[in-house]
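Each chain gets a letter, A, B and C, in the order it is written, and its residues are counted from 1.
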Amino acid sequence: MTDATAQLPGAIPPGADRAAAPLRSSLYGDRIYQAVITAFAVFIPLLLILIAISIGIAAWPALSRSGLSFVTGSKWDVAAGEFGAAPAIYGTLVSSAIALILATPLALGVSIFLSEIAPKWLRQPVAFLVDLLAAIPSVVYGLWGVFVLIPLLRDPIGPFLSNTLGLGKTSLFSGPNYGYSMLAAGIILAIMILPFISAVTREILMAVPRSQREAALALGATRWEMIRDAVLPYARSGIIGAIILGLGRALGETMAVTMLIGNRAEISGSLFAPGYTMASLIANEFSEATNDLHLSALMAVGAVLFAVTLLVNAIARWLVWRVTRASR
Amino acid sequence: MNRRARHTKSRVMLGLTYVAAAIATLPLLLILLHLVREGAAYIRPAFFTQMPRPIGEPGGGMANAIVGTLILISIASVIGLPVGIGAGLYLAERRGSLLATTVRFLSDVLNGLPSIVMGIFAWEFLVRPIGHFSALAGGIALGAMMIPLVTRTTEEMVRLVPVSLREAALALGYTRWRMSLTIILRTALPGIVTGALVAIARIAGETAPLLFTALGNQFWSTSLREPIAALPLQIFAYAISPYDTAHGQAWAGALVLILVVLIISVLARFATRSRFQAGSD
Amino acid sequence: MSTLADSQAISGSAAGAEPRRAPAPFLSTRRLNAYFGKLRAVRNLTADFPDCEVTAVIGPSGCGKSTLLRCLNRMHETVPTASVEGDVMLDGTSIYKGGLTAIAVRRQIGMVFQRPTPFPTMSIRDNVVAGLRILGRSGPSRAEADVVAEDSLRKAGLWDEVKDRLRESAVALSGGQQQRLCIARALATQPRVLLLDEPTASLDPMSTQTIEELVYELRKSICVVIVTHNMQQAARVSDRTAFMLDGELVEIAPTNTLFTNPRDSRTEAYVTGRFG
């Protein structure tokens, strides 16, 4: 290199000590960068631990006082200092169960439609619309539920179920129906978890290798038989995972449920009866918590909710991970 | 079962999936329709500029709630974005390590945490010790909820940057940190931004974490240390009140909220989709 | 296996050349071994790459030529589980053991890859000077950088085509132009060696020709090492050629000699197309 451009600005003359400056700053810079992003990453588990400890400590007084009867006792009597959260736990489970029963077949149907059957031009718009359901805030669902769903349930849906279908004679649909009910909560929850189950199921179905489908078709299966016998079994644990994921969401839903469920701390066998969930219990009573013990009891409900959703979500994620990993 | 019966059955089942798809898209359309029908009448300029009247009185607006939501989102972003992007970078660069796998898993766990649990945690940690409700506490609770969403999209977007770009930068003499920040992050930025927008849209509609932190406020307040109004809180308060005019306001508020949320979600989808179609070579 | 002494004897007599300065040992490897974990990709390789000459490295797929190249600018070690034994000398200084960081080495030894990799978020001009900006405050001012950009683009034969659109995005260029941009970018930092890893493999014949002409020009000012799987290309652009097989250097000789009168039978088999 002998031309004049050798001394262009920025050019480092041959032989100059190019090592010195880069050596120091690069090691320094790299180390700081690594430390910073590691710190941010570690923040997440730390936050989770903080949440668990925080709620656990606050919940302890009530839990230690009630013992096991906290989850088994059905009397939630603030004045008497008696805190049995069973009605709320029952309500959470039942409303979520209703949601799952209603949402799962629909979500499965939509997902199969989108991943196997829909013509290309229909795929994007329908998927888009279904996924958009997940973007609607909970309080808007609640608003719609109060002014549209509840009246619908009072009339004509309620009478249709109890009189026309004769279900009113069964204990499941007994009692007066004012609209605000376990059923209402279950229905709104079903709409809310539908997009989640569907999105994950779609991912799972797409992870099923083409070879599975082609093998079935080559054996002379009809389209439906291919889906039923080749695709679904392969994806089964993943789909179960998606369903459990939907369950996890339903368990923790607050606003829409609070606005629709009637907020009565009683266990009733009828779907028409009002009820309570853990989330709506906390939402309703927290701001008016009268004493420290009451507060602690509400924290304890939160702790139970935390633990349950944690477990459910962990199982769901693991199931989904198994299927999508195997096909990568 | 003979061939014809099997084919018929197949067609029926497939037809059922069409039905399922139709039913599944129905609620969205119903809700949107209702929102527009009930709420459109109440959307006047006054809605955006006036304060709420005492519940039951006609007129007024949700100006304080709209501003309040904006303030809360800003606080949340200050926490959620740096942590989320930083953690996302870490997960993308140290993909298989034990810590990365753990963090990724726990981030999903954090994502599934019921928002009300986040609310009572924020109360216990940020409100109780201080003695009063505050916008800051609400913003922090929302920020914590943003973290897993931003982390995941950042990780995905950074992983999409081709290895060849990394190598080209290293071969030029870039230090690792400079390469990550100026080349990788810059290239992945559009996707990260849309991910951030989607996260913001999601937390803008959250009510439960705000119930015991920001609390809501009848009056105009922008102070971080005072309770603050927010759109979802206002909608909730009006919805459960017994007055029709309040209900109308609630619908209007819901319409505004959902329009903002939906527009951001739609934009985000289009932005990421076109990136993959056009930019991949 | 060619020894250092042999190389010096051979390189002193470039066939049919006009009188040139006697190439000195400039970039050389000494018993270089490169590993991916336990897998040895380069074996005991000792070779010499003189200044102001183009040396081509040819060989069948998997023979380790790219790995060798990446050892020359310490890019090999960016792969996890990669390791290196032996040494590489640049103008008398060891790049592995001489106290230089990898960063410092890479600023002196530039590299262009198989696929063009312009930075997509930068304009054409910014791409070219990307290597300079990292010097931060001690780097060139904006005006100085513009001078460097023009000079590098001229050297890469791209100036006339882009001088009116320097602010446009680099990805708007064609494949051949992008690759020349990458060459300009590598040249902007005034490296003493330019490494080219199959630079025309993904390009059309027209662009390939342009780049080959460019490489042939570059040898006036810089040491060039080019890896290619295209023997005709090696014959066209290089002064010396090295043939590798299974990680070993089989033969290194002036290009003409290697292709017309190779000493090793394996070389002969390869260049006559019997395998690879």
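Please note the rule applied: a residue touches a chain if its C-beta (ideal position, glycine included) is under 8 Å from a C-beta of that chain, and two chains touch if they have at least 3 such contacts.
Fair warning: this is a prediction, and the values are worked out from it, not measured in the lab.
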item: Taking each chain's C-alpha mean as its centre, the one farthest from chain A; value: C
item: Chain closest to the middle [Cα centroid of all protein chains]; value: B
item: Averaged-CA centre spacing for the pair chain C and chain B, given as whole angstrom; value: 49
item: Cα-centroid distance, chain A relative to chain C, in whole angstrom; value: 54
item: Cα-centroid distance, chain A relative to chain B, in whole angstrom; value: 15
item: Residues within chain C bordering two or more other chains; value: 103-104, 107, 189
item: Where chain B touches two or more other chains, by residue; value: 173, 175, 178
item: For chain A, residues that touch 2 or more chains besides their own; value: 22, 26
item: Chain C-touching residues of chain B, taken from the complex the two chains share; value: 162, 164-165, 167-175, 178, 183, 186-187, 189, 279
item: Residue numbers on chain A that touch chain B, as the complex places them; value: 22, 25-26, 29-30, 32-34, 36-45, 47-48, 50-51, 54-55, 58, 105-110, 112-114, 117-118, 126, 128-130, 132-133, 135-144, 146-148, 191, 194, 198, 222-225, 227-228, 245, 248-249, 251-255, 259, 279, 282-283, 286-287, 298-299, 302, 305-306, 309-310, 313-314, 317
item: In the complex, chain C residues that touch chain B; value: 73, 75, 78, 103-104, 106-107, 110-111, 113, 115, 117, 119-121, 130-131, 134, 182, 185-186, 189
item: Touching residues on chain B, where the partner in the complex is chain A; value: 6-7, 9-11, 13-14, 16-21, 23-25, 27-31, 34-35, 38, 82-83, 85-87, 89-91, 93, 99-100, 102-103, 105-110, 112-118, 120-121, 123-125, 144, 147-148, 151, 173, 175-178, 180-181, 201-202, 204-208, 211-212, 232, 235-236, 239-240, 247, 250-251, 254, 257-258, 261-262, 265-266, 269
